[in-house]
Amino acid sequence: MGWEGERSSSPSGSASPRSPCKRANLVAKRFFALDIATYKDGALPRVTKELLGLVASLVLRCDDCITYHMVGAWEAGATGDQLMEAMSVGLVVGGSIVIPHLRRAAALLDELEGTDEANRDRA
Amino acid sequence: MGWEGERSSSPSGSASPRSPCKRANLVAKRFFALDIATYKDGALPRVTKELLGLVASLVLRCDDCITYHMVGAWEAGATGDQLMEAMSVGLVVGGSIVIPHLRRAAALLDELEGTDEANRDRA
Amino acid sequence: MGWEGERSSSPSGSASPRSPCKRANLVAKRFFALDIATYKDGALPRVTKELLGLVASLVLRCDDCITYHMVGAWEAGATGDQLMEAMSVGLVVGGSIVIPHLRRAAALLDELEGTDEANRDRA
Amino acid sequence: MGWEGERSSSPSGSASPRSPCKRANLVAKRFFALDIATYKDGALPRVTKELLGLVASLVLRCDDCITYHMVGAWEAGATGDQLMEAMSVGLVVGGSIVIPHLRRAAALLDELEGTDEANRDRA
Amino acid sequence: MGWEGERSSSPSGSASPRSPCKRANLVAKRFFALDIATYKDGALPRVTKELLGLVASLVLRCDDCITYHMVGAWEAGATGDQLMEAMSVGLVVGGSIVIPHLRRAAALLDELEGTDEANRDRA
Amino acid sequence: MGWEGERSSSPSGSASPRSPCKRANLVAKRFFALDIATYKDGALPRVTKELLGLVASLVLRCDDCITYHMVGAWEAGATGDQLMEAMSVGLVVGGSIVIPHLRRAAALLDELEGTDEANRDRA
């Protein structure tokens, strides 16, 4: 997940403020730049890579990261059913300790579906 | 830990709301049903299985899961000393990163002991 | 990953023997059945779900699980470049501790590409 | 799990050699002594605490630790069905990444049941 | 991280209250005493050991533990640049899921630098 | 830990072969380059950063990574006592599940001390 730069349609200002960090040293800055590059279209489309980031974040149980990639996948065109199905893979791989994070992610999805879908990039 | 259905004597409404989730797909629903079945009496009594769930949740450091299984073990008849002893196993296995979760769990136990014990099922 | 039943084209007999386990109790048997169901075509195609299982396994650093899902994704039609790209997401999310598993997975991919591709199901 | 001192009936010499370690500093020595003390009879009987150690080890996916606590629980009188049931809790809490460890543990249990049960302490 | 006893210059009362816990059994009390002993000067100076505790806490993603060791390293004389560099090691080892914790730690560091540096022990 | 390039005095050829990987895509190559840069002298000396990498690897329980950073810290001038003390921090933070990795690391240290110390760079 990124450090600098906001998802355009982030539904909740309180989750994951990503204001620039003047503290980051060169290693950290290179890491953040690499992190952004990771999810660009390539052999796999961006939407699939955001789903991969989402499931990895879910099984590692990082709520801020889940929010970041759920918004990213949504903006890249993933449907609600696809997001839930991706997360059900994470549930089976990661077990019942994933449940609290899945519940919070489902609530975020409700919030996303209530926002203006015109922001979404389905090109 | 469960998704749907409340522990009867949950001392704190804010922790782990488990309202039904209309979003859950079939895989997730089957997982939730299996999760409920896991803690029924069997070769081991329910109280022991709740303690197992508690220690697993503690070493994996999931506060909502710790709350869920602590309440479950309490309702099934575990004493405060038994709960603390179970968690001391988790502390030694999982190390000092477990400490913040142990502190919060000890506070929950104080709260549980302050509730009406008549709710407990020691049958 | 499954307990019973073999991937048809598993390149390495020594990795992940999945012979039936007479020991599994009912909870475990239901879990194994659910695990199989998780990767069927749905809102997302099977190949994407195997990639999700692969990246989840990579960041959780389970070599047997990585092998299982790499073979599954390969059989479902993922290319070598797609597999490597999926795993590069896991590398950035999970960090340098993922590297030893990534190296072993890359060696498995070389092995897969050396087997008869006629076994693959790209339908 | 312990550093010094062997389980008496460890079925497999290759797993978990626990010969004394001259290298351990004072902090490590105190940790090892504490680890031994953790599993003594107390508010919970030793057999329950070994099962707690087993499930904690299973969800953290440490094969050597699983072996250590499975032998400990077995020596303290746990039955094969109880061991499998305890581990099924770990499977549901920890998810499918636990499966390879569960398979190896089930094989160890077969081995334990084939050894002289006279070694067991059921007092 | 400790259970009892406060860092003298903890900048934020809300993080990590460490009031004595009457509930702790003997195993837990011995663990807490050992935890305190771990970070004393030895073959490595205390400041290095606090940095080790910081990075271990960062990759295991325990915010309370990060706060505890960041304050400890600060009090022992670590500079802001050294703390950021130590954490950049944790970022590369632990991957992008570490980012939200790193951001919170950087904010804490700003807070620490704004407190009276006279509290620091650079002896 | 690195992907390409060998520690000069790696005592054991079987651990962590780091032959170049033609498979690595651009994201992976940038990650490997960043990983190498992370441990250079900076606000903290290289030896301290290798110790940080060692303890992070220990609590995350990655044997190949432990080997890599133990050799790196040794080459940078860390003594056996310092390595053991660093790892005792990891033991207390990470708990008893760290023990099997600590035992293997202690054996590696014996091996390192038996090699020609002339290979070490203490400049």
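Worth a mention:
Going in written order, the chains are labelled A, B, C, D, E and F, and every chain counts its residues from 1.
The definition used in the following text is that contacts are C-beta pairs under 8 Å (C-beta built on N, C-alpha and C of every residue); 3 or more make two chains touch, one makes a residue touch a chain.
These numbers come from a predicted model, not from an experiment.
Chains that count as touching both subunit B and subunit D, per the definition above, are A, C, E, F.
A count of C-beta contacts for the chain pairs D-E and E-F puts E-F on top.
Taking the mean Cα position of each chain as its centre, C sits at the greatest distance from subunit E.
Centre-to-centre separation of subunit A and subunit D, using mean CA positions: 39 Å.
Taking the mean of the C-alpha atoms as each chain's centre, subunit B and subunit E sit 29 Å apart. Computed from the mean C-alpha positions, the centre of subunit A lies at a distance of 32 Å from the centre of subunit F. Subunit A has residues 25, 27, 31, 34-35, 38, 42-43, 56-57, 59-60, 65, 81, 84-85, 88, 91-94, 96-97 in contact with two or more other chains. Those residues of subunit D whose C-beta lies close enough to touch subunit A in the complex are 59, 91-98. Contacts from subunit A toward subunit B in the complex involve residues 61, 80-81, 84-85, 87-88, 91-92, 96-97, 99-100, 102-103, 106, 109-110. Residue ranges of subunit B in contact with subunit D, taken from their complex: 34-35, 38-39, 42-44, 48-49, 51-53, 55-60, 65, 79, 81-82, 84-86, 88-90, 92-94. Across the complex, subunit F meets subunit C through its residues 1-3, 16, 21, 23-25, 27-28, 31-32, 35, 56-57, 60, 62, 64-65.
Of all residues in subunit E, only 25-27, 30-31, 34, 37-38, 42-43 touch subunit D in the complex they form.
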